[in-house]
Structures are given as C-alpha cells and as structure tokens.
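Pasting the structures here.
Two complexes follow with chain A in common, the first pairing it with chain B and the second with chain C.
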Partner chain A sequence: MVDARKVAVTAVTAGLCLPLALFAIILVPIPGLPAASGFWIPAGFYFVMTLWFGVWGALGGHIATFLAMGYFQGFTLQVWADGALGDLIAPLVALVAFKLMGARPELKNRKDRIAWLVGVPIASLVCGLWVHTVNLFFGVITWPFWWVGVLTYFIGDSLAVFIVGTPLLRSLTSYVKQSPMYIWRD
Partner chain B sequence: MEKGKVRTFFTYVDERYMLVRAHPAVKIVSLVVLNVIPWIIEAPAPLAFFLASLLLAASLMKAPLSKLRNYLPYLLLVAQAVVLSYVLGSRIPGNVVFIEFPWGCYVTDKTLLYMASVVLRISSMLVGSTLVFLSLRDTDVVYGLKSLGVPFSAAFAFNLALRFSALFLDDYARVRDAMLLKGAKLDAGNPLERAKLLSRTAVPLMVIAVRRMQDLSFALELKGFPPSGRRTFLYQFQWSRFDAAAFALLAVATAGVVVAKIVSPLLSFPGWPFV
Partner chain C sequence: MVSYTVLFITSVYAMAAAVIAIDFLERRALKEEFERAVKSKSSLLYLRVFKVLMEAAVLWLIVAFFGQILMGWISL
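Moving on, here comes the complex of A and B:
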C-alpha cells in the first residue's frame, strides 16, 4: 500500500539524486560510454537512503537515474532497462547484504563495517554487469567496451558510495533513527 | 518575472511557445514519441530528416530555440563517447577499410555511417526532450500522467521528484556558497577531484533532504494522502483543436515509422539512400 511516508521517501530521494546524476554525467564522463560517469555521485545518496528507508529509497534512485540518463541517451526502454533498473537493483543488493549479516547502517561495530565493505562492491559489480550487458544487447556499446564499462562502473560506483555514503551513515544515522520512516528497530 | 514569460520546471519561456499552452497529456505523449521514433529509425539520412523536421516544427511553434545552444555541450559530451566507442572498439564490415587497430577493431565506411546514425539518434532525443521539458509546468506531470490513466500516487511521486530536483539545485547553490565563504575551493583540481569536492556538500544536503521528507510526509498525511474515493482537481484542462491535431500527428507519425520499418528497408541501417 502506497502511503504518504513512502511517497515522501521516493520523491525526495529522486529529487535529490536527479541533479547530482546530471552533475556526475557532465563532470566525470567516460570516453566511449554515453551518459555514463566515472564517479556516480547519486549512488552514495540512494544507497544510504535505501539502507535507512528501504525499497522506497531505491525506487527514488531508479527514477532519478531514468530521468538523468534518459535526458542524455533518450527516454527509451533500453535506458530504463540498463541504468535505471540497474540502479534499483544495486542498493537493494546492499540492503539484502545488511539484512543477511544482521548488520545496521550506523557502521558502529565490526559486523556493520564488514557488511558495508562487502555489500557495496558486490552491489556495484552486480549492477555493472547488468547495465553493460543490457547496453551491449541494445548495441549502444561495442564488445571491446563491455569490460571497460563493467570495470569503470564497479570502480566509479563503489568509490562514490564509499566516499559519499560512509560519512553520511556514520554522522547522520543516529539523527535519522528518530524518523518514523527509519526501517531498523533495535 | 518578465512580461509574456511563463515559469516552467527549470526556466522561463515565452508564452507564445505553443507547446506550453498544450494539454499536459500532449506534452507527456510528445516526450515519449520524440524518444521512440529516433529509437526505431536506424538509418542516418532519415534520422537527419527527422531532426531537421523537429527543429522546423519547433521554430514554427515559436519554441525558444536559442536556449538549445546551452545544451550543445551535453550533446558533444555524448557524441565523443559514441565516436570513441565506434572508432576504437567496433568491427563493422564495409566497402573501404580506413584504419585497422592491433586489437582487431577497424574503421570502415559503414562504421562512420553507423556512428553518424547513433549520434543523430541521440541528438534527436536530446533536442526533442529539451523542447518538451522547456514547456513542462509544475502541474503538467500530474495532470498529464493522470489523464493518460497512470495512478494518481505514481504521477504525484514523479511530479514531486521533478519539483524537488529544482529545489535541491537551489539548496546545493546555497550550501556551495556557504562553503565558498568559508574558504573551500570547489573548482580546484581534475574532474574526479572536483566531483569529490562536490560530494563534501553531501552531509548538509542530506540533512535538508531528511527534514524535507518528514515535512512532506506530515503535509501529505494532513491532506489525506493517499486519496480515497474520487478526488477533485484544481485545474481543468480542455482539449483544444491544436491538442487534437498534435495528438493525431504524433500517433500517425509513430504508426507510419513502425510500418515503414517493417515493410521497407528505408529506415533500417544503412537505409535510404545507401540501400
């Protein structure tokens, strides 16, 4: 059931990530890969939003990526299927890693930090493989650029999530815990 | 605000721009169609014709074409990616081989033609989307999607996302100014270093986002969201003759392109006049 809180989480996450996605594409483009970025700044935000607020945060990242990438590459099925769907999957993989390991987004203890250090690269790799295989399937990139895409996605996404997301989780989780939208209860 | 200007999502445009006054559903359908048609066409000459027609139609509708110049760097950004990908990493057989690389890729006349197709396709989509976005007002997304049968909650969330992106751009400018006043050098270094500096704005932006999220959820709950039963709307949009004609033109153009693609090789690569 869609309620006001879920709509607020999705809309604010998407609104925050959309300009950041446009900045990322313009500031750090990757030669040979249209509408891609070597430092996907919004990933840091929607990973954190997903860890705090669940699936609805990931959905916000999905909308933002579709709008930003779609603007540069066309609002087509292909853009939805690769970047947007990929960016929905990635933070959810990290969320599942946290759930499976029984970790919390505060990154207070060793278990939390391991979940973060393991979950983010796995999520980025899964998403990178997904995005560039779909790109290849639609003929947007050529086969020699497939591994370039996967590698740059893996590095660019992980780097952005660690650089942007880590200080956010460490400094703001205790503040966000007061919100009724926070999904973890001790 | 300047007289004769209308506020749209990201800028002010001349109120004479006919798409601004169109029914919101026409704007949404235009956005879809202007992205789908170039996606279907594979041949460079028809794509160039489509782009030229689009610009001509925009000019006739008094679209702010001068604003498109601001978006030219974005087009170059995407074009360089496509050119590099196809020059350095493709194997498309053709009649003449211009250059062959040690890693097995080569550039032929067909490579250049295919590259031109992809660049023209992306240019058409970018120009088309920009022209539609320039005409979108705050209310258009909700009313447009709703009148096309999308559930109100989804349309509302989508509209809020666009609305908030404009607000967060202002927030970002405010945070950046505050950091600059404190001595931060946000424009120093290479692109990656600049991106990292940009990410320092993350914590204040996130605090603003979380507060805004809570305010929004309270406001929505107080307004009885999600609406139960039949809801009413503040504005009523009537279908004009222009809307009906635009809708019909978009439908006919899409159907025509699909049929032409199926029954003839003109729109498939390399297409007319290279068939």
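Moving on, here comes the complex of A and C:
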C-alpha cells in the first residue's frame, strides 16, 4: 500500500542522490586493468536508504540515476534505463542478503557485519553483470570489454558502498530504527 | 598564483565543511537533550537523519570536485 510517508522516502532518496548521481563519480585506475573503476558515490546513499526503508529507498536511487544519466546527451535511452535498473536491483540484492542471513543494518554484531561484507559485493556483482550483459546485447560494448566492465563495476561500486555507506549505517541506524518506516522489527 | 576562481570555490567548500564539523560537535554535545526532545516531537528524528545525510552528500560532492580536477574533467 502506497502512503505519503513511503512516497516521501522515495522523494528524499531521489533528491539526495540526484546531485550525487550527476556530479559525484570519480574514476579510479586499477593497476593491470585497461579501464578505470567508477567510484559511484550515490550508491552508498541508496544502499543505506534501502536497508532502512526497503524498496522505497531503492526506487529513489533508481529515479535519481535515470534522471542524472539523461543529462549526459551522448547516452541513449537504453543506457539510461540499463544503468538505472541496475541501481534498482543492486540495493535490493543487498536487502535480500540481510533478510536471508537474519541480519540488521545497525552493523552491531558479527552477523550484521558479515551480511554487509558479503551482501554488498554480491549486489555489486549482480548489478555489474546486469548492466554489462545488457550493454553487450545492445552492442554498446564488445565481448573483450565485458569482463573488464563487470570487474571494474564490481570493485568500484563495492568500494563506494563500503566507504560511503558504512559510517552512515553505524551512526544513523540507531535514530532511524525509532521510525515506524524502519522495516526491521526485533 | 592561485586563480580567483579556485580561491573562491575552495573558500566556499572550506566554510561548508567547517559548518558541518561544527554541527557534528553540536550534535554530540546535545545527544541526550535531543533524545528527550524526540520523545515529544518525532519529526525531529527525520530532520536529524536527513540533515546528516545531506551533510555527508555535500562532503562527498566536495571530494568528487577535487577528484574530478585530478582526473582532468574539471579545469580551472
């Protein structure tokens, strides 16, 4: 059931992530790889919002990525939609990992931390596989670049989510859990 | 000689970072008072969380700005 608070979570997440999706990416070269890895800073924010508020947070990240990619005139609609869908899927994969492991986003105990350390790379890998396989089928990239794309996506997204998201989860979850919108109940 | 644009932008960023740092110190100092206030006014909770998220976003935008200068995407 959609209510105003859920729409507000999506709107706040989209509003927060949109300027980051437009401007906050740093390409970090990885020795031995022919492409740099995109340190995708908004991912840290929409992962956190998804772990707190569920699919409504992920939807905000998706909307922000879709709108931001539209700014880059060289991209086709397929590239926008592909990247934006990847950014919807990735935090939901992490959310499923937390659910399956019975962990909580407070990262207080060992189980929570393991879910975070395992769930984020799996989510980034799934997202990288999705984005680059779709790009391959649409002829945007070629096979020799596919594995490079997946690997750089995996490394860049995972690093960004860990570096940006970990302090947010650790410092703010104790406040957020007082909200009725928080999806985890003990 | 540092250009006027670099000096201006860097000053704005330094001020923004200082405001965020002061806000962080204030939050730590008023932690117990804040928790008492939240019990009577729950909307404060959302304001606090979203404000901290926005502050973190501003800091990361500053990092990205200088990162993109190093990458050559932004030239001043």
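Please note the rule applied: the second predicted complex is superposed on the first by the 166 of 186 C-alpha atoms of A that agree within 3 Å, B and C clash if a C-alpha of one lies under 4 Å from a C-alpha of the other, contacts with A are read in each partner's own complex, and residues count from 1 in each chain.
Operating definition for what follows: contacts are C-beta pairs under 8 Å (C-beta built on N, C-alpha and C of every residue); 3 or more make two chains touch, one makes a residue touch a chain.
In this text, all values refer to a predicted model and were calculated from it rather than measured experimentally.
Contacts of A:172 after superposition on the shared chain: both chain B and chain C are touched. Between chain B and chain C, the partner in contact with more residues of chain A is B.
In the superposition on chain A, contact of A:145 is made with chain B only, not with chain C.
Of the two partner chains placed around the shared chain by superposition, chain B and chain C are both touched by A:27.
Once chain A of one complex is fitted onto chain A of the other, the partner contacts of A:16 extend to both chain B and chain C.
In the superposition on chain A, A:67 contacts chain B only, with no contact to chain C. Judged by the touch definition given at the top, the superposed model places A:55 against neither chain B nor chain C. In the overlay built on the shared chain, the residue A:3 is in contact with chain B alone; chain C does not reach it. Touch criterion not met for A:118: it reaches neither chain B nor chain C.
Comparing the two interfaces of chain A, the one with chain B and the one with chain C have residues 12, 16, 19, 23-27, 39, 41, 44-45, 48, 164, 167-168, 171-172, 175-176, 179 in common.
Those residues of chain B that touch chain A in the complex are listed here as 31-32, 35-36, 38-39, 73-74, 77-78, 80-82, 84-86, 88-91, 103, 105, 118, 121-122, 125-126, 129-130, 133, 153, 156-158, 160-165, 167-169, 172, 191-192, 194-196, 198-199, 202-203, 205-207, 209-210, 212-214, 216-217, 220-221, 225-226. The touching residues of chain A, counted against chain B in their complex, run 2-5, 7-16, 18-19, 23-36, 38-39, 41, 44-45, 48, 60, 63-64, 67, 70-78, 140-145, 160, 163-164, 167-168, 171-172, 175-176, 179, 181. Remark: chain C residues 38, 42, 45-46, 48-50, 52-54, 56-57, 60-61, 63-65, 67-68, 71 touch chain A in the complex.
Against chain C, the residues of chain A that register as touching in their complex are 12, 16, 19-20, 23-27, 39, 41, 44-45, 48, 164, 167-168, 171-172, 175-176, 178-179.
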